[in-house]
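Every chain is named by a letter (A, B, C and D) in the order it is written, and numbering of its residues begins at 1.
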């Protein structure tokens, strides 16, 4: 790959490719192939982040586990205090006492407080008061976590699985497209595309911004095809698919948008390796006129390509 | 309609009019005439969006329904366990048992827990503990949903029902006006207007940005009349009302503003079809000097027009 | 007052002064002297806004009132159903029954549910279940309202009571100053100043932006003196205090800042009428070196002026 | 130190150094050495700010204290009303009555309401209803505070303990580096560096912005080395370490970034005094190629320097 033409800004700020790592710098889902080492083992400030971003199943499982463990601990405390400090009509066997302690704890933690069992005396009452306070605060925390989980910014942009290099009008361009899979309106959508490639001399990765035909759209009701025109200012000018593969090229895509429904700025990232670029193919149309006059977008066609007879070079 | 003058940016990014659809691209309320097809039937991530944006009546109805259904399901569970595992002074007929099971469930789910009925034994206690936990979490969710519903950004901009093409000073302009119907202060209000029309040759829709006399105002205490001057750079120069109708022209309006009260950016959209533009009419004044020295804005005059003798061409 | 020099943008977008109103357009506290007329009497979407922005005393009073009224209504409902459908050890006089109904309602609405009184039968149970659900939802609402009240953006910028026209170095400037009265850090603080004055010919208000020596500061740890230099480009060039008074001039001030602590953009407004501008005075220093090496800002000196011998003209 | 070259903007807006204070203007943790005097003693609007920003231990301690104090006050109220207005099976000694009053209060405030003790008569019932309402509202408040504490913007950027002046390629630069210690993605990271120094003539502090080789990066997956090139436009050109020390120079660093996970803009500040700049040293690498093809960043190397033979001048 030749040195980049003068005047094209070289982006070496991604911190991804200072080493000639073997794979891609940015994964398809937008995460980075960078790992941090030497961080302290437990970091309290990460807790909220994990509780907000983890999946729903582990989150709810964790809540249930915390509920059971807290009740078990308080049951132990109540048994230690002695179940004779509780009003409880029932048996006096150990299993009965354990069961009473555990469910009294559950009734206290959730503040349901039926009163079938209730504390007598200072110790039992103090422990129960602490547990009900803890219950209220835990529940306050859960309220915040649930709201945080639902309201945090989440783009649901889907990118075409492959990019294409295709002619449009008189010139050729590098193109990919994206749709918004959610109902929330995205506004002021901006795209930035960087090309990362291995310098044949130093074997180090270098980065370049690619100019776009249109870097921002105001509305995004259907799909958007992002186009980098391969003109004389483009580093792709004169390149072949094979050149990109040899240079282990990677196209890094950044999307920024404003979510109108929740008043939040959202970001999405993805990348296309040289192997994920189809030369000479074209995207099939996704928009159709419906019988009732509406425009209809068929999202199942996002990845659909038309392959012409000639393919494989730029 | 002639081709757009050189130098006017052509906006074909709206994705609304690539097909020559019969109707308008943007509805009066700002929604798009684009429909998505091929989406998965149930999408969990849409749930929050729908619960936040649906009307109050269906939302509260849904809450009530969920309450009744959950109680019914837990009542079935309690009946399955057997009502003999509950302390309950009362009759032993089936209706009595059903009623006891259902209302015990309600008392547990809301954590009111009177204790008139309360669980005995492991199974009944476990089910009740799970229900009270579910109650707390559901309520946490409801708290988040209610807050999300109230705090989400909501513009209440009202646009004049019709736009006008009228002279002001030496020149003519395309104009519409808007008011903020809410008490919250809007700051840094920006307008953008696009013209969409059918290309007579290709029968495809094309888009153009219209320049505005003033595209941003800092404060918005009363009304704002947005003006596109019809000068030699304007695509409307030399056009008549009939020309616009034949080209099935549509003026697409985007407003962006910052809500000072809630620190949120809000957006509003609307559109004017050729039929909704009055040529030669003028907006009547909305601002009056009140007796106490205040300026008074009469929002009922938003749509009021003065119609002069000559009308119908630009 | 002469017509504004060419090249100075005329701001007629405030909508405040299209009528030659008698007083100021913007009050000292930043509110506008514009009133809206013709709005529908009850507007649901205003409710949240009012509940968030009203004072604490009326807000808490309203909560208490709602609590008492709701309990009274449910007490009526329970009395209608008949207190014989409740387990209640107690008297059978009417006052006893009323009292039992009212406090059973309170115990249900707050979900405290002691169980001393509890419902029997379908009607009483259903009403109580509805009330406890309503209690939970009301409380969810209160949670959201309290959070919304505390977390909404609130600048606490204090402006000097008077502006001054004073020399600094070789030239003269219009100046005022401001401090942040809160502990939260303000970042990227921007100022914009407009001059509003009555056109002597048309008796209409006109608006002009005033250029500032510095329109933005990055940090704001202490005080900021905003300066409009009165040079040949300034509409104040050659004016006297008397000229401003005759033109009923008003300086409208807009401040925008980012609150680092809560990640919110905040705005503040104020205005200075011609009567609130002191010619020839100077602001006394507010910053002092403390004994321990810290810089100390004395906020009580915000309005302090030094009045030299010569004063009253520019 | 010579006067700044023409054309370099002088930043005197920080309000930190108008007095020649003895120490640094900005501390390592980004706080300012400015103190406010003359503020009113109690300011309600600061309460939320303090409850949100204080440490977890004092926050939870405060909650517990508030719980105990509130219960004690209501216990006094119930004792004043008389414990004969409560159903309570138990002793009639004063300690018994005090204990019953206190724990009845706790059961009411948390709405657990076992019912072992419950109010009889108007006074006791009214007080209990008020306490359960207060309990709900306090808990609503706690919910909001906990959410506010977790969700408020918090950068966890760590800066290298020292800055260096080192050659890179043909020229020399002032450099420091930073890493993000948290898992949340930072996007669009911007840096601004100011130099503060004492004017040898007036003994007053002056401020200058330093130009940066790169002032903004789009992604921040690993570390960022911020570089001010010491070229002929730089005020550091021709300076020695000793010159900076004599002028009591301080480099003030501002970082702005967007937190992708929580859709919040965050800021970080720090400063380097002349004593914290190592001349001729170099940062050791932090990024390594891991065996599995990932790039690995060792955050323990953030402060690691290589010291060459020649050191101590620019």
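Note that in this section a residue touches a chain if its C-beta (ideal position, glycine included) is under 8 Å from a C-beta of that chain, and two chains touch if they have at least 3 such contacts.
What you see is a predicted model, and the numbers here were worked out from it, not measured in a lab.
Taking the definition of touch as given, a chain qualifies here only if it contacts subunit C and subunit D alike; those chains are A, B. Of all residue numbers that take part in the contact between subunit B and subunit C, under half occur on both sides, making this a different-residue interface.
Averaging Cα atoms per chain gives one point for each, and the point farthest from that of subunit B is the centre of D.
For this pair, subunit B with subunit D, the centres built from the Cα atoms lie 37 Å apart.
Our note on geometry: subunit A versus subunit B, Cα centroid distance of 26 Å, whole angstroms. Across the assembly, subunit B contributes residues 107, 111-115, 139, 143, 147 that each touch 2 or more other chains. The part of subunit D that touches subunit C in the complex is made up of residues 11, 13-23, 25, 32-39, 43-46, 48-50, 52-53, 87, 107-108, 111-115, 118-122, 125-126, 128-129, 132-133, 135-137, 140-141, 143-145, 147-148, 152-153, 192, 254, 256, 264-267, 269.
Listing the residues of subunit C that touch subunit D in their complex gives 56, 63-64, 67, 71, 90, 99, 102-103, 106-107, 110-116, 139, 142-143, 146-147, 150-151, 154, 156, 179, 181-185, 187, 214, 217-224, 258, 260-263, 287-290, 293-301.
Residues of subunit D touching subunit B in their complex: 111, 113-115, 143.
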